[in-house]
Structure formats: structure tokens, C-alpha cells
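Could you have a look at this structure, given as C-alpha cells, before my questions?
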Amino acid sequence: MNPRKPSIAVYKFSSCDGCQLSLLNMEDELLDLAEAVDIAYFLEATRAARPGPYDIAIVEGSITTEHEVERIKEVRRDAKILIALGTCATSGGVQALRNFADHKVYASKVYEHPEFLHYLPTSTPIAEHVAVDLELWGCPVNKRQVLEIITALLNNRRPNLPQYSVCLECKRSGTVCVLVDKGIPCMGPATQAGCGAICPSNGRGCYGCFGPAKSTNVDSLVHILRNAERMPGETERLFRGISGNAPAFQMAAESFISKEKK
Amino acid sequence: MIEQTLKHSTTSHTSGLLEPVWAEIVSITPEAEGISTFWIRFTDPAVAATYSFQPGQFNMVYIPGYGEAAISISSSSEDSALIGHTIRFVGNVTRAISRLKVGDVIGIRGPFGSAWPIREMEGHDVIIACGGVGLPPLRPVIYYIMNHREKFGKVYLLYGARTPSDLIFPKEYASWEEANIQVHVTVDRADEDWQGQVGVVPMLFYRFRMDAPNSLVLTCGPEIMIRFVVYEGLARRVQPENIYVSLERNMKCGQGSCGHCQLGPYFICKDGPVFRFDALQPYFNVEEF
Amino acid sequence: MQNEFIFGVNSTVALQKKDFDLLLKKLQELGYEVVGPRVDEQTLRYGQINTMNDLPKGYISKQEAGRFQLIHTGHSRYFDVIPGAQSWKQFLFPSRVELFELNKNAGRWDINRTESHSPAYAFIGVRGCELAAIQIQDKAFIREDFTDPFYQERRERAFLIAVNCSNPAGTCFCASMGTGPRVESGADLILTELDNVFLLKIGSELGRNVLNGLPVESASAFLLQAAERELEQASKKMGRTLDTEDLPELLLENLDAAHWQKINSRCLSCANCTQVCPTCFCWDTVDTMSLNGTETKRERVWDSCFNPGYSYQAGGNTRPTIHSRYRQWLSHKFGTWKVQYGTLGCTGCGRCITWCPAGIDITEEIAALRKEVKK
């Protein structure tokens, strides 16, 4: 092993803290992790913080303010390896819904005095601002995958992150396809595996929080889901969801929304 | 009676077909930037005593936790005291191999796959055309020819690499030529000191006169190079059944079970990697097949 | 002293339905884990069968391209529902098995083989198409030059009760593939369901031994005729047909046909077809390690030729487009499979049609290719 334990810093940007929590949720592995790495900066876990530079920066959240635009550059400067943790960090998250609408309308509906808000009109992934070495999708991320990337980094090995669709996870676990069996709209066929098919195994459709799978056919899925809609606009809501700002899902949504408006 | 069939309801799997045997790295020879030969010896003397392979076969080399990679054997098939694997560090597993030191232990499954046609080559001229790390799987053929030189006609080695420093086994070329093997070497890009040929491997076919009806062509390397080598051979009227090609695909199990390395009806790991070209011909030009 | 059991292999006996639990109990007493179709949470699965009440009595399934519906009709039949997405493959070739664990001690790796505790299964209700699928996987996993220990262990100890299929579904085409709806042999017992009795054809000595001591009687000519009529009807209920005449040549000689490209607009490359297919056998290995790298585990999982990593090698993916992956699957199943194993890789069970979210129908695809080529 390394003579010196690699240092890790965990940062939060615009996010709900859920992905950081999944780090703390690794009950069985947390002690091993603390032994293997030096957790130098992790405000959600400990107030003791040591200054950088760090070996690994784990960044949760998206970029939604001017201040964050500057701060992420500092994070990048301070870290050898930067990991974008969770779908906010990899695609903008649910707060990227504003990217497809008038953000002022949203703000005025939520806040009594939106004039006091300081924010950017869009929510954007970390990789739009600085170089990202590794992206881990999910809302929230899967703790086994978090452990996998840390293990991979510590051991100089490529992490095992599946690029195939959620359908394989359903089939391997014996979950019967909710789309074919029950007619429930499901984004699984075009969504990257990694969650363990949590939603379908609980009788719900996948809502794509792990982002688009590699080399699947999003356009065909749009067509299928629109025929399976149980209420008008259901497909749009699925594609404009947590991973809505991911280019593949965004393009798919735009293609049929624009067709409809014509 | 039925009870008997159920008695052994607990069995343990001891199949060596899915489990590796262990071998120690005895020495490491750097060959070029990012390419080294790892010489190994099986830790179990019983395995060491019985292990044998034929030129062209490969092993699945296993680094626990990282995975396996299919690596051809580059040492002499007639001397298996030490087994050589010449490895280019490009993937997850081979990069892990690059960090290993003498004395480290690795897992081996094999040997797997088909061999170069040593028997069929006897009494004929042999043209060995290869590029980059396509040479290591052919080195056992060169050694075999050297050990039994009288059995073969004229022998030509056509070998190419990107740059002069990418050429592997350069110190051996002289000994190969001494054994009456014509060595033609080319590079894609020359450097200041390079005096030799510049160009692609298939161009080397223009450097000698071939007795086509009496020749066998053996080729291994980038698939695009293989295509043009085959073309040069066919253009000189070498029969498809006298051209032998070693192919690379995503090999995982080594025994035609996992399905990954299929090309048409073949499992490259089991039916190949060495194929007679006439067997490949129907599938060779189908795009993305 | 045992009673003399007068019925021999190949004879057919009748078992009153009310006595079927005795057969299940016998199997359980012999140590079998009895599995079969059952309805859980309004979904058809294969799972543990404790008593015949666990079987999907009164259900049928309506199956079309991309759509499965489980319907409760309340009729008195136990074996009228055509299976769903799951197949016996999940028991014989589990979707995930651990190959071994390794621990590093003083620079050496010590191997730990997890003792296998795979039960001896008794499969209740194996249809002709499914039995044929098991026999096809036998050829892939139990070969002269390589035998898969995990498959072999499960397969050789499995007890098979096949069922003659009297109510095929809309996506079925086993009659075209010659695998059903009737089961002739290859199982320990072959069951035909009538209104009040099960007819059981004894298919093996093991099957005979299991029946010994159960209240079975000789099947009357009347019952045998009734069974025959049911089976004759069944072939006519099949929703799909496939012309196999020029397979595999049709596919292997037309790998460059323009038709292949048409699949690009519909195929999701989601791999569902291969995962529900009872003959697809591809697998991948997954290596995991502990944080400090001293403990590792190697597992094997189901894989699919539709996965992007499946045909990846240094330099990229050899099948980068969706149609190239679809062509690999179809030309394997109906073409090169025959060269590899002497049989086509399809049994006509229809799962890939039903469970394709896009409703792609292999019988239509092959017919369309044939039409284009004949032009």
C-alpha cells in the first residue's frame, strides 16, 4: 500500500446532500474507508478540516451561482483527481428544470421576494466548468459504486461501472418488466444500470436518474413511452426529470415537444 | 436409488477451466516503450512439468481483482521451463501487469486456441507478415523454424512498427538472419537515425520474389494490416487455404463458452485465434460483424 | 417391503388432481426444491411450489409483441398459462454465481471456493419449447472439450416434469420450430392436464421411482383420446409461424442485406430479448476487490451481445451500431448456432417477441429479410 494515505475532500455545491449521505451510509465499510484514506475535508462528517491540496476531490451538486463558478475552479486547482458525485454534478440535477423554462417564473412561484436571490439562469454539470476525471451518476448515487470508484482509485484500476441498460439488472434479479407486464412507462431501456433497478423491483417505472445508457436508442423509447402514456405529458415529464439536462434525454424531449407545438 | 442421486448435494468446484494456476514472474525484459516480456515459472512443479503449448496459442493472464487478459505466448514452444508473454500496456489488466515486479505472482489459465500450421509449413516457403505486437505470437514459429531449419524452404519475416523505437526484439534480428531467415523491417515514421524502409508492412511484399504456389503466409497484427497482407498474398496467387491469420477479439473464457469473441460460427478463443483464411473468407469483409 | 410398481417407462398413468400434492410431497421428501410457475403480486414468475395451490390455477396469459397480460379466468386448469419473462435458465444457469474468492497472504493468493449449495431442483411444468431450450443449453455447457461445472451440477440433479401445452399464446411458434406443443421425451414425467386428472407419461426410471407408491392408475383409452384431442387443437391456437426452410443459409448468405439497417429505428439495444431467451448463454466476469486490494472476488453474470462492452477490444467496439448487434443476435440464433451446436438456437417460445419493449418480432424480421432477398 501507499506509504501515505491519499487525502480526500468532499464538497457540496447545489444539491440536497443525499449523495454525501450515501458516503456516510456505508456503515459496514466506513471504518475500512477511514483506514484506507485520509478524510481531510468533509464538512458533513466532521468540522475538522485541513487545507488542500488533496489527492481526490469528490464534488456533489451542480453549478447554479456565480460564486459556485469560481469555487469549483478552486476545488479543481486543489485536487489531483476530481470525481463528480451524483446526477446534480454529472448533469445538473432536478434543479436544471429551470434550463427549459423561464427561471424568473419559477422563482416567483417559490419565493415571496425573488429579488433577493442570486443565481444563474441555468443549472449545469461540473464538467461544463472544469475537467472531471470520473463521473458517478445517480439520485442518489449507489453506495457500492462509490466504494467501487474509491477502491479503483486506490488500487490503480479501472472502476467497474456498467454502461448497459437497467433492463439487465431487472432480468438478473428476476424483476418482471413493468413496462411490458403492467404497461407502466419505464426509462430503464435507455438508462444506465448501477442502481440495482430499485424502482422496477418495487413496481414503479425507472425515471432515469442514472442518466442515459451508452449506445441505446432514446428515440425509440420516446415512441414506446408516448404510446404507453397513462396521462398526457407523462413522457415529457420522464425525460424532463432528474437527468433531464443530460444531452441524450434533452435532445429526445426537444424532438417531440417541438413536434407537438407545431 | 433416487436418494443416491441427491446425496452429493454439496460439491465444491475444482475445475481448472475457470480457475487459474499460479506462476511467479522470474524476469522482465523491456522491449519498447510500453511493451515488456514477462518470463514466468509455474509455482506448482506438477503444473510446470506438464505444461506445454503450440506456437500461436495464448494464455489468460489473471491479476486478482483486476481481471484477465488474453496474451499470446512469445517464447519457444520447445523450451517451456520459462514461459514468455510479451505485453503491451493498453488496458486495465495489462496496465496492472506493467506495475508488477520480479517475484510477484500472477494467475494463468491456458494454453488456449489453435496453433500456427507448423506441419503444413514443412517443405514450403514461409512468409511471416506482422505488425506491432503481432510479432510476439509469431516468435515461437521463428524459434521453431530455427530449431528445424532444414524442414522449411525460404523463410521471410516482414515486420513493421510505428517508429524505430517501437520495433520489438530488435537484438534478435541478426540471429534470425543467421538462421537464413530474410528479415524485412519497416516503420510508419522514421527518426533521424533510421536507415531502413519506411511504409506499411504489405509494401514489404514488393521487396522479394515469392514462389507463390509453394508459399504459406502467416499474418498477425492490426486488422487493417491483416486485410492488406491477405490482399497481397491473394494477388500473388497464394491460395486462401495457404494463408493463416491470427485474429483478436474480446476473449473472456478461453473455451468458447462465454460467447464474447464470436465471429460468425467461430469462437476466436477456441476455434482460433489462428484461422486458415478460406474459413474466414465469408465473414471477413462483412462490416461490423 | 415395497409394493410392486407395475407401470414401466413410457407407459402413461392417471393421477387425480386432488392427489397431485402427494407427488409434490414425494419430491420434497426426496430432497428436491420444487419450483414452478406461480402468481405473485399479479405477476407470473417461477418460484417455490409447496402445494398445488401455489400453481397459477385459473390463469391464462395473453401475449403480443411488447405486451404481456396475465388474466384470471377462473377456469379449473393449473397449467394453462403460457410462461412469462422468466425461464428455467435462471435455475440451471443462474444470473450471478461466485466463481471464487482470493485472499493475499505474504505475496501469495489463497483461493476460497465457496462451497456450492445449489439445491436439486424439481421443475414443475416444463413446456416443449422450454425442454428444447434446456437441451440446447446442454450442448453449450456440457461439451466434450469443456464442461461448465456450475451448470452440470444443477442440470444433472434436476427432476423434470414436462407439460403438454394445450393453450399456446399469441407469440408462440414452437410448432414451426418442431419443439412443441407436444412433449415426446426428455423429461422424467410428461404431464397432460385434463379437467379432473393429470395424465403422466413416465419418461425415465427416475420418474417411475418417484411415482411408485402414489395412487396412480392406468390411463383409460377414453382419457388418452381426450388428451390427444386437446393437443391437436393446441397447434392451431399458435399465434405465430416461422418458415425455417432455408435457415441458416438465408441469414448467413445475406449478412449485407439492406434490411438489417431498418432495425436501427426501433431496436433499443436494451438486451431484454437475450435475457429472457431461454437459450442465450453469454456470460461475463466481474472482479471486485477490497479497499486495500488484499481480498478479491470473481463472479460471473449474464451478459448480452447487445451490451456495449460485449464486443469491446483494444481499439474500440467491433459492433458499434445497433443493427450490427441485432444482426449478431439473430444470425447467431438462426444461423451460426447450427454450425456450432448442430441445432438452431431458437425454440419458438416467443419470449423475445413478448418482452421486447419495442415489440420487435423475430418471425416478422426473418420473413421480411426473406422477402427482400427473394426480390
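In this document, chain identifiers A, B and C correspond to the written order of the chains, with residue numbering beginning at 1 in each.
Simple rule for what comes next: a contact is a pair of C-beta atoms (placed from the backbone, for glycine too) under 8 Å apart; a residue touches a chain by one contact, two chains touch by 3 or more.
What you are looking at is a predicted structure, and each value in this text was computed from that prediction instead of being measured.
Colleague: Going by the touch criterion at the top, tell me which pair is linked by more C-beta contacts: A-B or A-C.
Modeller: A-C
Colleague: Counting only C-alpha atoms to place each centre, which chain is farthest from chain A?
Modeller: Between chain A and the rest, the longest centre separation is with B.
Colleague: Calculate how many whole Å lie between the centre of chain B and the centre of chain C, each centre taken as the average of the chain's C-alpha atoms.
Modeller: Distance between chain centres: 39 Å.
Colleague: Just curious, how far off is chain B from chain A if you go by their C-alpha centres, in Å?
Modeller: 43
Colleague: Where the CA atoms of chain A average out and where those of chain C average out, how many Å apart are those spots?
Modeller: 37
Colleague: Among the residues of chain B, which ones contact at least 2 other chains?
Modeller: 65-66, 91
Colleague: Which parts of chain A, given as residue numbers and ranges, touch two or more other chains?
Modeller: Residues 155, 157 of chain A touch two or more partner chains.
Colleague: Two or more other chains touching the same residue: where does that happen in chain C?
Modeller: 287-289, 293, 320
Colleague: Could you pull out which chain A residues touch chain C in their complex?
Modeller: These residues of chain A touch chain C: 1, 29, 32-33, 35-36, 147-148, 150-151, 154-155, 157, 160, 162-165, 167-168, 171-174, 176-177, 179-183, 186, 188-190, 203, 214-217, 219-221, 224.
Colleague: In the complex of these two chains, what residues of chain B are touching chain A?
Modeller: That would be residues 65-66, 91-92, 95-96, 99 of chain B.
Colleague: Note which residues of chain A are touching chain B in the complex, please.
Modeller: 155-158
Colleague: Inside the complex, what are the residues of chain C that reach chain B?
Modeller: Going by the criterion above, the answer is residues 30-32, 99-100, 102, 104, 107-109, 111, 113, 115-117, 119-120, 140-141, 145-150, 153, 157, 206, 209-210, 252, 255-256, 281-285, 287-289, 293, 296, 303, 305, 310-315, 318-321, 324, 327-328, 331-332, 336, 339-340.
Colleague: Mind listing the chain C positions that touch chain A in their complex?
Modeller: Residues of chain C touching chain A: 41-45, 66-68, 70, 84-86, 90, 95-96, 264-272, 275-276, 286-293, 301-302, 304, 306-309, 317, 320, 322, 354-358.
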